[in-house]
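In what follows, a structure is listed as C-alpha coordinates, so that the remarks can point back to it.
In order of appearance the chains are A, B and C, and numbering begins at 1 in each one.
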(Lines give C-alpha, C1' and ligand atoms only; values in the text may rest on other atoms or scores of the structure.)
Protein backbone atom coordinates (compact mmCIF):
# COMPACT_ATOMS: atom_id res chain seq x y z
CA UNK A 1 0.00 0.00 0.00
CA UNK A 2 1.35 3.46 -0.81
CA UNK A 3 1.65 5.95 2.00
CA UNK A 4 -0.88 8.12 0.19
CA UNK A 5 -3.38 5.27 0.33
CA UNK A 6 -2.54 4.73 3.97
CA UNK A 7 -3.21 8.39 4.73
CA UNK A 8 -6.58 8.12 3.00
CA UNK A 9 -7.35 4.96 4.99
CA UNK A 10 -6.52 6.86 8.19
CA UNK A 11 -8.70 9.77 7.11
CA UNK A 12 -5.71 12.11 7.12
CA UNK A 13 -5.46 15.14 4.87
CA UNK A 14 -2.07 16.81 5.14
CA UNK A 15 -2.11 20.51 6.00
CA UNK A 16 -0.72 23.16 3.69
CA UNK A 17 3.02 23.32 4.34
CA UNK A 18 3.67 26.39 6.50
CA UNK A 19 6.19 28.89 5.18
CA UNK A 20 9.23 29.25 7.43
CA UNK A 21 8.73 32.06 9.95
CA UNK A 22 12.31 33.18 9.42
CA UNK A 23 15.55 32.77 7.45
CA UNK A 24 15.80 29.04 7.13
CA UNK A 25 14.45 26.22 5.04
CA UNK A 26 11.92 23.61 6.22
CA UNK A 27 13.92 20.60 5.01
CA UNK A 28 17.53 19.89 4.13
CA UNK A 29 18.42 16.62 2.44
CA UNK A 30 22.02 15.43 2.61
CA UNK A 31 23.46 11.94 2.49
CA UNK A 32 20.06 10.28 2.59
CA UNK A 33 18.95 12.09 5.74
CA UNK A 34 16.23 14.73 5.73
CA UNK A 35 16.56 17.18 8.61
CA UNK A 36 13.24 18.87 9.30
CA UNK A 37 13.06 22.28 10.94
CA UNK A 38 11.07 22.54 14.13
CA UNK A 39 7.39 22.51 13.11
CA UNK A 40 4.64 24.34 14.94
CA UNK A 41 1.11 22.97 15.46
CA UNK A 42 -1.56 24.27 13.11
CA UNK A 43 -5.05 22.81 13.44
CA UNK A 44 -7.54 24.00 10.81
CA UNK A 45 -5.04 26.71 9.94
CA UNK A 46 -4.87 28.07 13.50
CA UNK A 47 -1.72 27.91 15.58
CA UNK A 48 -2.25 26.11 18.90
CA UNK A 49 -0.83 28.49 21.50
CA UNK A 50 -0.29 28.48 25.27
CA UNK A 51 1.40 26.26 27.82
CA UNK A 52 0.76 22.77 29.13
CA UNK A 53 -0.04 22.95 32.81
CA UNK A 54 -1.83 26.23 32.22
CA UNK A 55 -4.24 27.02 29.36
CA UNK A 56 -3.52 23.92 27.25
CA UNK A 57 -4.90 20.55 28.39
CA UNK A 58 -3.06 17.27 27.96
CA UNK A 59 -5.54 16.30 25.26
CA UNK A 60 -5.05 19.57 23.41
CA UNK A 61 -1.29 19.29 23.74
CA UNK A 62 -1.28 15.77 22.35
CA UNK A 63 -3.40 16.93 19.41
CA UNK A 64 -0.95 19.79 18.90
CA UNK A 65 2.00 17.40 18.79
CA UNK A 66 0.15 15.28 16.23
CA UNK A 67 -0.38 18.46 14.19
CA UNK A 68 3.38 19.09 14.30
CA UNK A 69 3.87 15.56 13.00
CA UNK A 70 1.43 16.14 10.14
CA UNK A 71 3.30 19.33 9.26
CA UNK A 72 6.55 17.35 9.16
CA UNK A 73 4.96 15.07 6.55
CA UNK A 74 3.56 18.04 4.64
CA UNK A 75 6.99 19.68 4.56
CA UNK A 76 8.59 16.53 3.18
CA UNK A 77 6.06 16.44 0.35
CA UNK A 78 6.43 20.19 -0.28
CA UNK A 79 10.20 19.70 -0.55
CA UNK A 80 9.61 17.10 -3.28
CA UNK A 81 10.28 14.09 -1.09
CA UNK A 82 7.45 11.60 -1.66
CA UNK A 83 6.45 9.85 1.55
CA UNK A 84 6.99 6.45 -0.08
CA UNK A 85 10.72 7.25 -0.07
CA UNK A 86 10.81 7.25 3.74
CA UNK A 87 13.09 4.44 4.91
CA UNK A 88 13.09 5.21 8.61
CA UNK A 89 11.89 7.89 10.97
CA UNK A 90 15.21 8.21 12.81
CA UNK A 91 14.59 10.79 15.53
CA UNK A 92 11.95 13.22 16.77
CA UNK A 93 12.76 16.14 19.05
CA UNK A 94 9.70 17.39 20.96
CA UNK A 95 9.74 20.72 22.80
CA UNK A 96 6.67 21.20 24.98
CA UNK A 97 5.79 24.67 26.29
CA UNK A 98 5.28 23.86 29.97
CA UNK A 99 4.70 25.41 33.34
CA UNK A 100 7.45 24.38 35.73
CA UNK A 101 5.29 21.68 37.36
CA UNK A 102 3.99 19.97 34.21
CA UNK A 103 5.83 16.66 33.77
CA UNK A 104 3.82 14.77 31.13
CA UNK A 105 5.88 15.84 28.12
CA UNK A 106 6.12 12.19 26.94
CA UNK A 107 2.33 11.85 26.73
CA UNK A 108 2.15 15.08 24.76
CA UNK A 109 4.92 14.03 22.39
CA UNK A 110 3.11 10.75 21.77
CA UNK A 111 0.76 12.71 19.54
CA UNK A 112 3.57 12.99 17.01
CA UNK A 113 5.11 9.59 17.72
CA UNK A 114 1.92 7.59 17.30
CA UNK A 115 1.18 9.40 14.05
CA UNK A 116 4.52 8.23 12.65
CA UNK A 117 3.80 4.66 13.67
CA UNK A 118 0.25 4.81 12.27
CA UNK A 119 1.43 6.16 8.93
CA UNK A 120 4.68 4.23 8.41
CA UNK A 121 4.33 1.14 10.59
CA UNK A 122 7.58 -0.38 11.86
CA UNK A 123 9.82 2.06 9.96
CA UNK A 124 7.95 4.82 11.77
CA UNK A 125 9.42 3.71 15.12
CA UNK A 126 11.93 6.36 16.14
CA UNK A 127 14.16 7.54 18.93
CA UNK A 128 12.98 10.68 20.65
CA UNK A 129 13.75 13.33 23.16
CA UNK A 130 10.94 15.25 24.85
CA UNK A 131 11.61 18.20 27.13
CA UNK A 132 9.76 21.07 28.70
CA UNK A 133 10.54 24.63 27.63
CA UNK A 134 9.20 27.87 29.12
CA UNK A 135 8.05 29.35 25.81
CA UNK A 136 8.14 28.66 22.09
CA UNK A 137 8.08 30.80 18.93
CA UNK A 138 4.76 32.66 18.45
CA UNK A 139 3.67 31.20 21.82
CA UNK A 140 3.17 27.78 20.21
CA UNK A 141 2.24 24.94 22.58
CA UNK A 142 4.57 22.37 20.98
CA UNK A 143 7.42 22.28 18.48
CA UNK A 144 8.73 19.07 16.89
CA UNK A 145 11.78 18.63 14.66
CA UNK A 146 12.86 15.41 12.96
CA UNK A 147 15.55 13.40 11.21
CA UNK A 148 14.13 11.08 8.56
CA UNK A 149 16.08 8.69 6.35
CA UNK A 150 14.86 8.66 2.75
CA UNK A 151 15.85 6.70 -0.32
CA UNK A 152 17.18 8.33 -3.49
CA UNK A 153 14.52 9.88 -5.76
CA UNK B 1 40.99 -4.34 26.28
CA UNK B 2 37.31 -4.92 25.59
CA UNK B 3 34.84 -2.31 26.76
CA UNK B 4 33.33 -4.92 29.05
CA UNK B 5 36.73 -5.38 30.72
CA UNK B 6 37.11 -1.62 30.92
CA UNK B 7 33.71 -1.31 32.65
CA UNK B 8 34.78 -3.94 35.16
CA UNK B 9 38.05 -2.10 35.73
CA UNK B 10 36.07 1.09 36.38
CA UNK B 11 33.75 -0.78 38.76
CA UNK B 12 30.75 -0.01 36.56
CA UNK B 13 27.72 -2.24 36.37
CA UNK B 14 25.28 -1.07 33.74
CA UNK B 15 21.71 -0.49 34.92
CA UNK B 16 18.77 -2.44 33.56
CA UNK B 17 17.70 -0.70 30.35
CA UNK B 18 14.60 1.38 31.15
CA UNK B 19 11.54 0.73 29.03
CA UNK B 20 10.49 3.76 26.99
CA UNK B 21 7.94 5.82 28.91
CA UNK B 22 5.96 6.32 25.72
CA UNK B 23 5.53 5.45 22.03
CA UNK B 24 9.07 5.44 20.80
CA UNK B 25 12.11 3.22 20.74
CA UNK B 26 15.28 3.74 22.80
CA UNK B 27 17.67 3.37 19.86
CA UNK B 28 17.47 3.65 16.10
CA UNK B 29 20.39 2.51 13.98
CA UNK B 30 20.67 3.81 10.43
CA UNK B 31 23.69 4.35 8.22
CA UNK B 32 26.12 3.51 11.00
CA UNK B 33 24.70 6.09 13.41
CA UNK B 34 22.82 5.10 16.54
CA UNK B 35 20.41 7.79 17.71
CA UNK B 36 19.60 7.36 21.39
CA UNK B 37 16.37 8.66 22.87
CA UNK B 38 16.66 11.09 25.75
CA UNK B 39 17.56 9.01 28.80
CA UNK B 40 16.50 9.82 32.35
CA UNK B 41 18.70 9.34 35.44
CA UNK B 42 18.06 6.22 37.50
CA UNK B 43 20.35 5.56 40.46
CA UNK B 44 19.76 2.24 42.24
CA UNK B 45 16.51 2.00 40.32
CA UNK B 46 15.21 5.35 41.57
CA UNK B 47 14.62 8.30 39.25
CA UNK B 48 16.56 11.42 40.33
CA UNK B 49 13.94 14.17 40.39
CA UNK B 50 13.87 17.91 41.04
CA UNK B 51 15.66 20.98 39.74
CA UNK B 52 19.22 22.24 39.89
CA UNK B 53 19.31 25.50 41.79
CA UNK B 54 16.55 24.21 44.05
CA UNK B 55 16.34 20.71 45.58
CA UNK B 56 19.13 19.10 43.53
CA UNK B 57 22.75 19.98 44.34
CA UNK B 58 25.47 20.33 41.72
CA UNK B 59 26.99 17.08 42.95
CA UNK B 60 23.65 15.25 42.73
CA UNK B 61 23.00 16.71 39.29
CA UNK B 62 26.39 15.60 38.01
CA UNK B 63 25.75 12.10 39.34
CA UNK B 64 22.36 12.18 37.62
CA UNK B 65 23.95 13.10 34.30
CA UNK B 66 26.41 10.24 34.71
CA UNK B 67 23.43 7.93 35.34
CA UNK B 68 21.89 9.13 32.06
CA UNK B 69 25.16 8.25 30.36
CA UNK B 70 25.15 4.77 31.89
CA UNK B 71 21.60 4.32 30.64
CA UNK B 72 22.71 5.30 27.14
CA UNK B 73 25.27 2.49 27.27
CA UNK B 74 22.69 0.07 28.68
CA UNK B 75 20.26 0.93 25.89
CA UNK B 76 22.89 0.27 23.24
CA UNK B 77 23.56 -3.18 24.69
CA UNK B 78 19.82 -3.88 25.06
CA UNK B 79 19.37 -2.99 21.37
CA UNK B 80 21.96 -5.61 20.45
CA UNK B 81 24.76 -3.14 19.79
CA UNK B 82 27.86 -4.39 21.63
CA UNK B 83 29.87 -1.54 23.11
CA UNK B 84 33.00 -2.72 21.31
CA UNK B 85 31.31 -1.63 18.08
CA UNK B 86 31.36 2.01 19.14
CA UNK B 87 33.54 3.98 16.73
CA UNK B 88 32.87 7.45 18.06
CA UNK B 89 30.60 9.20 20.50
CA UNK B 90 29.51 11.92 18.09
CA UNK B 91 27.22 14.17 20.13
CA UNK B 92 25.52 14.41 23.49
CA UNK B 93 22.53 16.65 24.15
CA UNK B 94 22.09 17.48 27.84
CA UNK B 95 18.92 19.04 29.19
CA UNK B 96 19.22 20.16 32.80
CA UNK B 97 16.10 20.95 34.83
CA UNK B 98 17.07 24.34 36.24
CA UNK B 99 15.78 27.28 38.17
CA UNK B 100 16.14 30.45 36.14
CA UNK B 101 19.31 31.51 37.96
CA UNK B 102 21.24 28.22 37.79
CA UNK B 103 23.98 28.56 35.16
CA UNK B 104 26.26 25.56 35.76
CA UNK B 105 24.68 23.25 33.19
CA UNK B 106 28.13 22.42 31.75
CA UNK B 107 29.37 21.10 35.10
CA UNK B 108 26.26 18.97 35.43
CA UNK B 109 26.56 17.62 31.90
CA UNK B 110 30.17 16.67 32.59
CA UNK B 111 28.81 13.73 34.53
CA UNK B 112 27.80 12.14 31.23
CA UNK B 113 30.73 13.48 29.23
CA UNK B 114 33.44 12.26 31.56
CA UNK B 115 31.81 8.83 31.68
CA UNK B 116 32.11 8.56 27.90
CA UNK B 117 35.77 9.52 28.02
CA UNK B 118 36.47 7.12 30.91
CA UNK B 119 34.81 4.21 29.11
CA UNK B 120 35.86 4.82 25.51
CA UNK B 121 39.00 6.97 25.76
CA UNK B 122 39.69 9.24 22.78
CA UNK B 123 36.74 7.95 20.72
CA UNK B 124 34.56 8.97 23.65
CA UNK B 125 35.34 12.66 23.06
CA UNK B 126 32.17 14.22 21.69
CA UNK B 127 30.52 17.46 20.77
CA UNK B 128 27.79 18.56 23.13
CA UNK B 129 25.07 21.03 23.82
CA UNK B 130 23.93 21.68 27.38
CA UNK B 131 20.95 23.87 28.17
CA UNK B 132 18.65 24.64 31.05
CA UNK B 133 14.99 23.64 30.86
CA UNK B 134 12.21 24.47 33.33
CA UNK B 135 10.99 20.89 33.72
CA UNK B 136 11.58 17.40 32.35
CA UNK B 137 9.47 14.25 31.96
CA UNK B 138 8.49 12.69 35.30
CA UNK B 139 10.21 15.66 36.99
CA UNK B 140 13.62 14.18 36.14
CA UNK B 141 16.63 16.33 37.03
CA UNK B 142 18.53 15.65 33.79
CA UNK B 143 17.89 14.13 30.36
CA UNK B 144 20.64 13.21 27.90
CA UNK B 145 20.31 12.03 24.31
CA UNK B 146 23.11 10.93 22.01
CA UNK B 147 24.37 10.20 18.54
CA UNK B 148 26.92 7.39 18.48
CA UNK B 149 28.72 6.01 15.44
CA UNK B 150 28.98 2.22 15.46
CA UNK B 151 30.59 -0.30 13.13
CA UNK B 152 28.64 -3.00 11.33
CA UNK B 153 27.76 -6.05 13.45
CA UNK C 1 35.59 33.18 -4.55
CA UNK C 2 37.03 31.47 -1.50
CA UNK C 3 35.11 31.71 1.74
CA UNK C 4 38.04 33.58 3.21
CA UNK C 5 37.70 36.22 0.50
CA UNK C 6 33.97 36.30 1.10
CA UNK C 7 34.53 36.92 4.83
CA UNK C 8 36.86 39.78 3.97
CA UNK C 9 34.28 41.19 1.57
CA UNK C 10 31.69 41.04 4.36
CA UNK C 11 34.12 42.71 6.75
CA UNK C 12 34.06 39.68 9.04
CA UNK C 13 36.98 38.74 11.25
CA UNK C 14 36.40 35.41 12.98
CA UNK C 15 36.73 35.44 16.75
CA UNK C 16 39.31 33.38 18.59
CA UNK C 17 37.82 29.89 19.02
CA UNK C 18 36.60 29.61 22.60
CA UNK C 19 37.95 26.72 24.63
CA UNK C 20 35.23 24.28 25.70
CA UNK C 21 33.87 25.21 29.13
CA UNK C 22 33.82 21.54 30.09
CA UNK C 23 34.72 17.96 29.18
CA UNK C 24 33.83 17.84 25.52
CA UNK C 25 35.24 18.84 22.17
CA UNK C 26 33.99 21.72 20.01
CA UNK C 27 33.70 19.66 16.81
CA UNK C 28 33.42 16.01 15.92
CA UNK C 29 33.77 14.93 12.31
CA UNK C 30 32.38 11.56 11.29
CA UNK C 31 31.08 10.33 7.95
CA UNK C 32 31.33 13.75 6.36
CA UNK C 33 29.23 15.47 9.02
CA UNK C 34 30.71 17.94 11.48
CA UNK C 35 28.72 18.18 14.71
CA UNK C 36 29.40 21.46 16.47
CA UNK C 37 28.96 21.82 20.20
CA UNK C 38 26.58 24.51 21.39
CA UNK C 39 28.43 27.81 21.00
CA UNK C 40 27.97 30.81 23.24
CA UNK C 41 27.95 34.43 22.06
CA UNK C 42 31.17 36.39 22.52
CA UNK C 43 31.30 39.93 21.16
CA UNK C 44 34.70 41.64 21.46
CA UNK C 45 35.68 38.84 23.81
CA UNK C 46 32.77 39.46 26.19
CA UNK C 47 30.01 36.91 26.73
CA UNK C 48 26.54 38.33 26.02
CA UNK C 49 24.52 37.43 29.10
CA UNK C 50 20.92 37.80 30.27
CA UNK C 51 17.47 36.93 28.96
CA UNK C 52 15.38 38.06 26.03
CA UNK C 53 12.24 39.71 27.31
CA UNK C 54 14.22 41.10 30.22
CA UNK C 55 17.68 42.70 30.06
CA UNK C 56 18.52 41.68 26.48
CA UNK C 57 16.80 43.50 23.60
CA UNK C 58 15.74 41.80 20.37
CA UNK C 59 18.54 43.63 18.58
CA UNK C 60 21.12 42.51 21.14
CA UNK C 61 19.81 38.95 21.03
CA UNK C 62 20.04 38.82 17.25
CA UNK C 63 23.61 40.11 17.42
CA UNK C 64 24.34 37.46 20.03
CA UNK C 65 22.99 34.70 17.77
CA UNK C 66 25.17 36.01 14.94
CA UNK C 67 28.13 35.85 17.33
CA UNK C 68 27.30 32.19 18.03
CA UNK C 69 27.32 31.61 14.28
CA UNK C 70 30.72 33.27 13.93
CA UNK C 71 32.03 31.06 16.73
CA UNK C 72 30.74 27.99 14.86
CA UNK C 73 32.84 29.05 11.87
CA UNK C 74 35.84 29.77 14.09
CA UNK C 75 35.55 26.32 15.68
CA UNK C 76 35.49 24.63 12.29
CA UNK C 77 38.70 26.42 11.30
CA UNK C 78 40.31 25.70 14.68
CA UNK C 79 39.47 22.00 14.17
CA UNK C 80 41.37 22.06 10.88
CA UNK C 81 38.27 22.12 8.68
CA UNK C 82 38.74 24.87 6.10
CA UNK C 83 35.51 26.72 5.40
CA UNK C 84 35.86 26.00 1.67
CA UNK C 85 35.16 22.35 2.51
CA UNK C 86 31.63 23.17 3.67
CA UNK C 87 29.16 21.40 1.38
CA UNK C 88 25.98 22.26 3.26
CA UNK C 89 24.90 23.81 6.51
CA UNK C 90 22.48 21.02 7.42
CA UNK C 91 20.88 22.13 10.69
CA UNK C 92 21.14 24.81 13.35
CA UNK C 93 19.71 24.41 16.84
CA UNK C 94 19.08 27.75 18.56
CA UNK C 95 18.38 27.97 22.28
CA UNK C 96 17.28 31.44 23.36
CA UNK C 97 17.32 32.39 27.05
CA UNK C 98 13.83 33.81 27.40
CA UNK C 99 11.32 35.10 29.88
CA UNK C 100 8.13 33.06 29.68
CA UNK C 101 6.35 35.70 27.57
CA UNK C 102 9.06 36.31 24.96
CA UNK C 103 8.02 34.62 21.71
CA UNK C 104 10.37 36.06 19.07
CA UNK C 105 12.96 33.28 19.20
CA UNK C 106 12.89 32.98 15.38
CA UNK C 107 13.91 36.62 14.93
CA UNK C 108 16.75 36.14 17.40
CA UNK C 109 17.94 32.94 15.71
CA UNK C 110 17.98 34.74 12.36
CA UNK C 111 21.19 36.36 13.51
CA UNK C 112 22.91 33.02 13.06
CA UNK C 113 20.86 31.90 10.06
CA UNK C 114 21.44 35.01 7.99
CA UNK C 115 25.15 34.84 8.70
CA UNK C 116 25.27 31.34 7.21
CA UNK C 117 23.45 32.49 4.11
CA UNK C 118 25.65 35.59 3.77
CA UNK C 119 28.84 33.55 4.06
CA UNK C 120 27.92 30.41 2.13
CA UNK C 121 25.06 31.46 -0.15
CA UNK C 122 22.64 28.69 -1.17
CA UNK C 123 24.59 25.93 0.61
CA UNK C 124 24.20 28.00 3.78
CA UNK C 125 20.43 27.44 3.75
CA UNK C 126 19.66 25.11 6.62
CA UNK C 127 16.91 23.54 8.64
CA UNK C 128 16.56 24.91 12.14
CA UNK C 129 14.84 24.61 15.44
CA UNK C 130 14.55 27.61 17.73
CA UNK C 131 13.17 27.33 21.24
CA UNK C 132 13.04 29.33 24.44
CA UNK C 133 14.91 28.12 27.50
CA UNK C 134 14.84 29.59 31.01
CA UNK C 135 18.61 29.80 31.41
CA UNK C 136 21.83 28.87 29.62
CA UNK C 137 25.39 28.06 30.68
CA UNK C 138 27.21 31.04 32.24
CA UNK C 139 23.93 33.00 31.86
CA UNK C 140 24.51 33.29 28.11
CA UNK C 141 21.70 34.91 26.11
CA UNK C 142 21.83 32.44 23.22
CA UNK C 143 23.40 29.07 22.41
CA UNK C 144 23.57 27.61 18.90
CA UNK C 145 24.74 24.16 17.84
CA UNK C 146 25.07 22.89 14.28
CA UNK C 147 25.42 20.00 11.88
CA UNK C 148 27.51 20.88 8.84
CA UNK C 149 28.35 18.61 5.92
CA UNK C 150 31.96 18.93 4.78
CA UNK C 151 33.97 17.35 1.98
CA UNK C 152 37.05 15.22 2.57
CA UNK C 153 40.25 17.16 3.29
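Note that a contact is a pair of C-beta atoms (placed from the backbone, for glycine too) under 8 Å apart; a residue touches a chain by one contact, two chains touch by 3 or more.
Just so you know, these numbers come straight off a predicted model, no measurement behind them.
It takes 120 degrees of rotation, in steps of 5, to superpose the Cα atoms of chain A onto those of chain C. Here chain B and chain C face each other with different sets of residues for the most part; under half of the interface numbers are shared between them. Work out the mean CA point of chain B and of chain C, and you get 25 Å between them.
The set of chain C residues touching two or more other chains comprises 31, 133-134.
Against chain A, in their complex, chain B makes its touches with residues 21-28, 30-31, 35-38, 51, 93, 95, 133-139, 143, 145.
Residue ranges of chain C in contact with chain A, taken from their complex: 31-33, 87-92, 98-107, 109-110, 113-114, 117, 125-134, 147, 149.
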